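Note that the chains are named A, B, C, D, E and F in the order they appear, and that numbering of residues resets to 1 at the start of each chain.
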Amino acid sequence: MKNTAIYPGSFDPVTYGHLDIIERALKVFNKVIVAIAHNSEKATLFSVAERVELLKKATKGIKGVEVDDFQGLVVDYVKRKKLRIVIRGLRMISDFEYEFQMALTNRKLSKDVETIFMMPSESYSYLSSKLIKEAASLGANLKGFVPGFVEKAIKAKLR
Amino acid sequence: MKNTAIYPGSFDPVTYGHLDIIERALKVFNKVIVAIAHNSEKATLFSVAERVELLKKATKGIKGVEVDDFQGLVVDYVKRKKLRIVIRGLRMISDFEYEFQMALTNRKLSKDVETIFMMPSESYSYLSSKLIKEAASLGANLKGFVPGFVEKAIKAKLR
Amino acid sequence: MKNTAIYPGSFDPVTYGHLDIIERALKVFNKVIVAIAHNSEKATLFSVAERVELLKKATKGIKGVEVDDFQGLVVDYVKRKKLRIVIRGLRMISDFEYEFQMALTNRKLSKDVETIFMMPSESYSYLSSKLIKEAASLGANLKGFVPGFVEKAIKAKLR
Amino acid sequence: MKNTAIYPGSFDPVTYGHLDIIERALKVFNKVIVAIAHNSEKATLFSVAERVELLKKATKGIKGVEVDDFQGLVVDYVKRKKLRIVIRGLRMISDFEYEFQMALTNRKLSKDVETIFMMPSESYSYLSSKLIKEAASLGANLKGFVPGFVEKAIKAKLR
Amino acid sequence: MKNTAIYPGSFDPVTYGHLDIIERALKVFNKVIVAIAHNSEKATLFSVAERVELLKKATKGIKGVEVDDFQGLVVDYVKRKKLRIVIRGLRMISDFEYEFQMALTNRKLSKDVETIFMMPSESYSYLSSKLIKEAASLGANLKGFVPGFVEKAIKAKLR
Amino acid sequence: MKNTAIYPGSFDPVTYGHLDIIERALKVFNKVIVAIAHNSEKATLFSVAERVELLKKATKGIKGVEVDDFQGLVVDYVKRKKLRIVIRGLRMISDFEYEFQMALTNRKLSKDVETIFMMPSESYSYLSSKLIKEAASLGANLKGFVPGFVEKAIKAKLR
């Protein structure tokens, strides 16, 4: 139970920043379940099925990764999986606050779930799926932000 | 005039964090007017009338509280009431900035209105109406976040 | 090339804070091109043509200012203009983070473009177009925030 | 008891920022006790007696101010005075955190003491006794930062 | 190797905040080595030997804890122990920045060491050894901040 | 006058972060004067003469750089040089606040001096002279933080 962690998020779509966190998490845990949330309220660019597919493709070569999706609260999903460790990446101050707020709320919702934070490489410290989609819609080259096939998928969606 | 303060906000809906600030404010002032803003632009879960009702119920046992609602600028409302003191709760950094921006704007709009900030208990330092509604929509138990009848009202709305 | 800088933004509408940055920038550069972005995604109060007109009127007396508008990425616009220096105003912490994220993204998109940050007068440190529009919609007097003709334009729009 | 507040600090020496907070506090409370802490650990430029004298001179014209000094914890001093309200000025983020930490510690030490925060004018938002002393030691003109007689006292000390 | 983590720090002295992090860490790892740094530059209240003793006493009942001390860089110590995971507690923004700076420096010094961050209970979110020593020197009751025997040790030192 | 800027600081000693800012500044200005402050109050590892020497050596190959040192206020030095532009690097939040406080104080001391901020490469976003000296005293390899001859100079000093 202690050697598997869940890395939940929107992953709309997966970026090099997410992949960096996944690889770092695998130095700490034997298995990492990347879990895509169904956010009915947030408008996403990609459907859950598409995000699962992109993540699977992006993590293909990496041992110990499982891609999943879930509905409802993270803490309930974690408990259904009989696990207790949640990983979150921390990039910047606003991250920090939102993440703390989420982690404290999750802790209140379930005392058994513990959130740990990991830092991406400083090269990815400013990357966000939101910014990338915005840049793409303005015609940016996404090399260095996301894998090539993710860039293609974004551009296809935006067309 | 100095012993009455106005505590404005959206209160969509009232949380234990708001109630904590109200009780602290009553250590400093004899009377606290909790004033619900009509935000025509922000989509709210509860109508102004519903929010007034929930706040009245939640503050029933507390002496010195009055629940009201207002349209237009806070500073204009404060002046119509012939008062000058505005209370705001400060939780986290992003609060801090938004609150400072608001307070400085209000000060520019009226030199007579003074904003004072109070800190909720650290147990409520991460509570926000927004997060609570989000958690509720995902099926969370809201005990410890809001009074029982508020939880019921949220769940009824979301159904 | 080094004595001309581009000051990009939404300018929806221009505020005294923007004008303060423009005047400060002219102490450092001989020419400042104020460049209004076509944000297809963000809902703006004024059209690009209106924002250009308001900015032209507001900067009429100031030597060395050119008003322009652009589509696509800032870095691509800067390169089309054969320039390399971008100016951004920095007000508060949240600014700071968003601006850093933007600047680092722009740097990744083009190594030739360099962003420099300038600080408005502390009198304008809390001013934002968003807050001004919100205040105006609630009936606020905008004197001290924007020039008189901008206030008129906002009120006409909101009516 | 509710119309008197204590404004504790080092006041080494008093600045226009402190005076601004005192005048704002008097819009909220009938009486403000400015209380100078004996910080045995911090090296101060002025002795407690000198700081009391400078503060008395600086607040001479202001009705409702009392200057005092205290040893030990702020909360113990507040209780000895049979009061419960502590005022602190909030300038910037680092302030915010330090002040929150102090306020939460004080709250733990005594549940009866409540800290409220007030914001100085944005013109004084960057003023600190430390920066002023540093600037003075480098030969700065302190007009606009502190009253004339405080500037003289600082310069006499530094000579 | 993945189920043991090192929790380095000054622990001058151990607080309930540290103990909270240790207990949370043991939900994630089978073994946690609490490692006291010899900071030749920082003046400490307690010697390394005393800090080791206080930590051993404080963690006596907790399974999976080992107390150690080290000289030199954290990353070198981690490698000497043939481990790779460092735990740090994150309380507030200033923490966040200092911790990130440290973690990135450590990462540069050794690519094999990974830092993970954990959040103490919000009840301890403001606790710091420094503030506790300051409060103690002013006569504060430290109940709720540190175990009873640590309070005694602090008071004995300060006398 | 507009194509020369002053980059003041302690430079105790120069790091790759400083050099990165200098090179970026030279994309904006034809000449950059790196000006080492005589901080009589701060204890430095290197004397002013040594810091000048290290900076000269580190910037030898870079066209348009002049190394100087100054006593007193930055704004007075800038005016003595008949210049008006000050450059500062911005790394992290604490930087941001300190820098803003300094810049606003300098602006108050002299309306003619304008501070502009530049961002180092994210690879150097966490570098500080202080951290480097601390790491060196614990035996760290400084490759990637400072040029080789600076590392040698630090190690010689610390021996």
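For the reader, a short list of remarks on this structure follows.
The rule is simple: a residue touches a chain if its C-beta (ideal position, glycine included) is under 8 Å from a C-beta of that chain, and two chains touch if they have at least 3 such contacts.
On a predicted model such as this, the values are computed, not experimentally measured, just so you know.
Looking at subunit B and subunit E, the chains in contact with each of them are A, D. Shared contact partners of subunit D and subunit F are C, E.
Most remote chain with respect to subunit C, judged by CA-atom centres, is E.
Where subunit D touches subunit E, the two copies mostly use different residue numbers: shared numbers make up under half of all numbers in play.
Ranking all chains by how far their C-alpha centres lie from the centre of subunit F, first place goes to B. Of the two chain pairs examined here, B-C and A-E, the one linked by more C-beta pairs in contact is A-E.
When subunit B is laid over subunit D using CA atoms, the rotation angle comes to 180 degrees (nearest 5). The mean-CA centres of subunit C and subunit E are about 47 angstrom from one another, to the nearest whole unit. The distance from the centre of subunit A to the centre of subunit F, with each centre set as the mean of the Cα atoms, comes to 38 Å.
Put simply, the C-alpha centre of subunit E and that of subunit F have 33 angstrom between them.
Touching of two or more other chains is recorded for residues 93-94, 100, 104, 122, 125-126 of subunit F. If you check each pair of chains against the touch rule, the ones that pass are A-B, A-C, A-E, A-F, B-C, B-D, B-E, C-D, C-F, D-E, D-F, E-F. The residues of subunit B lying in touch with subunit D in their complex are 2-3, 24, 27-30, 84-85, 90, 93, 96, 100, 103-104, 114-119, 122. Residues 93, 122-123, 125-126 of subunit F are the ones that touch subunit A when the two sit in their complex. On the side of subunit E, the complex with subunit D involves touching residues 92-94, 125-126, 128, 131, 134-135, 137-141, 144-145. Residues of subunit B touching subunit C in their complex: 40-41, 71-73, 76, 93-94, 97, 100-102, 104-105, 108-109.
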